[in-house]
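In the two assemblies presented below, chain A is common to both, partnered first by chain B and then by chain C.
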Partner chain A sequence: MTPIQIKKGLDIPLAGAPRPEIVDIPAAKSVAVYQEFPGLKAKLRVAEGDQVGKGSPLFIDKKRPDLQFCSPVAGVVKAIEYGARRALYRIVIDVGQSETPDVEFQRYSADQLRGVERSAVLSQLLSSGLFSLIRQRPFSRIADPEITPKAIFVNGMNTAPFLPDLNVVVQGQERAFQAGLDLMTRLTEGDVHLCIAPDAADSIKSASNVKVHQFSGPHPSGNTSIHIHHIDPMEPTDQVWTIRGTDLIRIGQLFLDGNYPDKHVISLGGPGVKEDARAHYRVQIGTPLVDLLDGRMQDGEQRVIKGDALAGVAMQEGEHVSAICSAITILAEGREQFFMGWMAPGINKLSASRAYLSGWNGHKRKWDLTTNINGGYRAMVFTGLYDKYMPLNILVDYLVRAVLAHDTDEAISLGILETDPEDFALCAYVCPSKMDISGVIRQGLEEIEKEGI
Partner chain B sequence: MRRFRIGKRGTAFFERIYLTLLGQFVDSHGKSAQPPNHKGLQCRVNRYCQGIYDANTD
Partner chain C sequence: MKFLLKRLQKNKHLFEPGGKLERLFPLYEAQESFLFTPPETAKGAPHVRDGLDLKRAMITVVFALIPPTLWGIFNAGLQYNTVNQIADASTMDHWIQGMIIVMPIILVSYIVGGIIEVAFCIIRKHEVNEGFLVTGLLFPLTLPPTIPLWQVAVGIAFGILIGKEIFGGTGFNVLNPALTARAFVFFAYPAQLSGDQVWTVVKDGATQIDGFTGATPLAVAANVPDGQSVIAALNEAGFTWATMFGGAMGGSIAETSVIPILIGAAILIALGIGSWRIMVGGVIGLIAGASLLNLLPADNFSPFTQLPFYYHLVMGSFAFGIVFMATDPVSAAATTTGKWIYGIMIGLLAVIIRVANPAFPEGIMLAILFMNVMAPMIDHYVLQGHIRKRQADIKARRISYATS
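After this line comes the complex of A and B, so read on.
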């Protein structure tokens, strides 16, 4: 194991960390399966009123009909909802008796998994829909099963507040985790890299058949881009696959048990969650948000965020916990305005900048931060501030300017293909001009993807 | 005669002060070209990151 120390970055002292224990949420009465993959065109396999079994295909990818997305429960399709341009948004299923039997997948023993054919692994992953958990860099889209990636990176650590702790999720699932790693080795001719934190459990550290790397340091040392950059940097023509360690457990369960893995563990944290409710939860995929949050939120106006507090997006009322949602963070809505706030000494306002008094010792205590943006949009000023929080060898100011100028060649030469918008979330957090830097990078990546490299 | 040079960092510093003063003036008169973002959710909803932000501002 090679320890890699990251120096640049920042750990946000946000209050409300989830406890390292898993609480089971009772099965839901209705679930929803979302089409939440940008660029994917869905073709329906069911209609309203159809009966489905656990693992029955609900929709497929038009471009790759092998890739199916399955129902996590048995029941009746209650509603099919569409979003903008009549694109599929979600399918709501009432849980109950169904004449359609549950789908049984091929079951393997742990020993068999080490020698299983690549085509067999791909076939089962595609038909179960779990292949969508594997992402391909550049662009972080669902991986292309036609290509053999240069390497596969498994993210076994998280530094953003508050993503689930793999040490907690893997408890009791060590076999499935190792099975998932074994399966990844069948998908590439290169290496499978497992990146872990220094405090990883022994069962994770002792993973076999893969290269284990230990990363330490402040956020974003847990981001996959940082791992790729330090272990096996990408050339513009390279393609690597990435997967979260928590998702790997579901893949392992599918191959070991032969049943569709219908549950996953998510973390619930943030200052907006009641103190005794901050924990990890095992929920059925597609569980209504209201079932999870009932009685667990603080009073007052709160914003529910899917993902971490730095790069997450707000959820609306009536949404469900989707398959790729790994964390829910709740923050109080902050709409206060402070007269001449930019001139205040900043004792009670958290800032990384030492122009504020909290910048000197504020990181020693936990803060109940809100969603207040703490300022207004300003022109982009070339200060080099972002580079202090970017461990990648990338000039953020130049890259952002190249993207804004639609200079895709320049953006590629500055290394945009190695990154993901989440890597710039910390830059957006510290930006005094309150620029949406992650949004700019996403726009740049989409433009390059459209034009071709 | 030797010319006074302030360099890139100096330029950035003065640019920052200028923009800060300009920004305060524009905001105080409600004529900012950018949509104001003090209203919370409504103006934040299109941002990539919809969580927390540093208190630092200019």
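After this line comes the complex of A and C, so read on.
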């Protein structure tokens, strides 16, 4: 199979890649389940002090009451916390004895899975909450179970620094992974596409029942938008579903074992992680961050990021490793100031631009990058620079301008619906005016979603 | 340098919201970010950012302007000493004399322009944009060395105010501010900006070299009587191709020699800051325009139409304009195709204005300004084409997928 070559883009030479090896983190004493889906209105199913079993529903989606979010452990609801506008923030559960039994889900054999009814798949996914791992394009929201998507794209790649390596996560879980793929084929009348890197393990390459595509080239060749665009691009009225390959394993486990899959493998990387701790970790859903990070972080002020360094979200102390958190990246907060930095030749400052010496050959070595933005916020200047880092056929300057001008029609015809904010992370990375381009695109997508296409 | 940083940070609170000098924050920011890299960390994704900022990009342009600036200084002194027949003037004397002539012009431009720029930043409450460092240097380099300093001040003020600030500041301007300033002084003070006498500083009451007219090659070329060869006329006036390439002659401060401009262009292209497409497009446009004019029957048109393109390339301000003025990312076309069209049109228009319009000996300034105005329209059509192509491409991919 010849891989689809992506030419535009950039692999940021960030130090701290996680080792291809899984470390087990002991079961937590207390876990938390987060309401981490923007736009979702939660309705509680438990109160503080209630006893819950593994797989018991904690809250549901008001709009789609079938969609439940479940407890990964048996224990007692210790606290229900609210965030802005009294919206549910998280539910903290103390692990322990509970009179409420663990929920038993329907078990299937691998063969049965290939012929199971769509409605049966949907109902089990919804009642377990694992349906929330499936996203719908455009807008990347939790998929709408009412519609039948044109196709389902499974992302089995990790070009962003640092997402978990599917080759590692899938070890020992090959059956669950294939089961997850089989289940996806039940949800669409179209094709299920598995997009992988050329160096994927044989067990992934030989996945059956789905179309396997290889993508090679620099980041963002591993982004789902790129895969959709190159395989079967979307028109504005299309709806396709997407899911991460690593999440498929939990779905497969649910149907094969009949138990709530309470663990997942995440990657821990970045220059802020101690060298020998940069690896993959198997953690219980909702494990406190401190259980994972204790003794594994470098000294000094560090930023802990849920997700990768390009598209993740900064975490606060006291948070937990939630179900959709697939990676944790740690970077030092770069508050140090250097004298006359604008005049330096740039041997010690990484840049993709040739205006610094590092732009000529600096990408060969790894860099301990920090969160410093390396400059100040300035007015937007149309340079066409972004387009060098955007493999989709999109003129980024103009798209950003259309969104800022609230011209949603123009934004749609420029292709915003084919994208996700993460696709613009590299453009924001190289922006000399230090603009929040991913944020602008997110705002544009939200606006279009609100107005309707 | 720790001491300096501590000093700065000690007073930072005065400029922050709630501080006594809150309104002057842009001034503080400019000073701090000049001395030290900012301590700012990413507010959200992406959490790492590239080393390049606008300050570095603009400084790189200033860096590329150094060779033409040095040449301009040296040449102003050289011309002064030659024309005024200063005996035994050494190279050092040329440098010193050049400094005396040129430095005040550059300083006035920076000081007056800087004050206006900072004042607007304070009013608008945004950071000082480093683009001014380029504008403030570009403008004086395009002036004749004899320009009165008050005209420099008025010119840069006009360029910054009308060329940039009334549109909303950096990033919003339609015209290149430095060229707007240059065009303003050109039309407002023609006596000091055109003619044969303004290109070399002459001592009060001094006698000139016999035969020295002060005419620039473009003026010579435009005034060749019908039926004569332009090249011969130029040679007769002392302008061979090589001397015009070398540029040891009177003219606008940094525009006479092509060599330092080529060095600047090489820096801009090698460091990826200036658009090579615009520069190459401009050269192609000029070659095409000059070659087309060559095809006109020599008998019916002015002899200037017959001048080969390689002369046009080294004459006047074309090289300086296409390398440093046309490539301003804010006022140029932004799409890749648009940059080609924009560059080619500038070259074409520049040569046509030169040859066909007797009122303006040099066409590059007007060509660039005209294309600055046209750039959004070029981009608009390129964008419409892009949208159509996008949709066709998506359709084609879908069909090819459905049938595969």
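Basically, the second predicted complex is superposed on the first by the 449 of 453 C-alpha atoms of A that agree within 3 Å, B and C clash if a C-alpha of one lies under 4 Å from a C-alpha of the other, contacts with A are read in each partner's own complex, and residues count from 1 in each chain.
Everything below uses one rule, namely that a contact is a pair of C-beta atoms (placed from the backbone, for glycine too) under 8 Å apart; a residue touches a chain by one contact, two chains touch by 3 or more.
The structure presented is a predicted model; accordingly, all values stated were derived computationally and were not measured.
Undergrad: If we overlay the two complexes on their shared chain A, which of chain B and chain C does A:N393 touch? Say first, second, both or neither.
TA: Only chain C is touched by A:N393; chain B is not.
Undergrad: Would you check which partner chain A:G415 touches, where first means chain B only, second means chain C only, and both and neither mean what they say?
TA: Only chain C; A:G415 stays clear of chain B.
Undergrad: Could you say whether A:Y356 touches chain B, chain C, both of them, or neither, answering first, second, both or neither?
TA: Both chain B and chain C are touched by A:Y356.
Undergrad: Kindly classify A:F339 by the partners it touches after superposition: chain B alone (first), chain C alone (second), both, or neither?
TA: second
Undergrad: Quick check on the superposed pair: does A:D232 touch chain B, chain C, both, or neither? Answer first, second, both or neither.
TA: The second partner, chain C, only.
Undergrad: Hey, is it chain B or chain C that touches more of chain A?
TA: Looking at chain A, the partner in contact with more of its residues is C.
Undergrad: Taking the stated contact definition, name every residue in chain A that is touched by chain B in one complex and by chain C in the other, in rising order.
TA: 12, 14, 303, 305, 309-314, 329, 331, 333-335, 337, 341-342, 346, 349-353, 355-356, 358, 369-379, 381-383, 421, 425, 428-434, 436, 438-439
Undergrad: Quick check on the complex: what are the chain A residues that touch chain C?
TA: 12, 14, 229-235, 303, 305, 307, 309-314, 329, 331, 333-343, 346, 349-356, 358-359, 369-384, 387, 393, 395, 397-398, 413-415, 421-422, 425-426, 428-434, 436, 438-439
Undergrad: Going by the contact rule at the top, pick out the chain B residues touching chain A in the complex.
TA: It is residues 8, 12, 15-16, 19-20, 23-24, 27, 32, 34-41, 44-58 of chain B that touch chain A.
Undergrad: Which residues of chain C touch chain A once you look at their complex with the stated criterion?
TA: Going through chain C, the ones touching chain A are 1, 4-5, 29, 33-57, 59-60, 126-127, 129-130, 169-172, 270-273, 275, 329-330, 334-336, 339, 379, 383, 386-387, 389-391, 393-394, 397-398, 401.
Undergrad: Touching chain B in the complex: which residues of chain A?
TA: On the chain A side, the touching residues are 12, 14, 303, 305, 308-314, 329, 331, 333-335, 337, 341-342, 346, 349-353, 355-356, 358, 369-379, 381-383, 421, 425, 428-434, 436, 438-439, 442.
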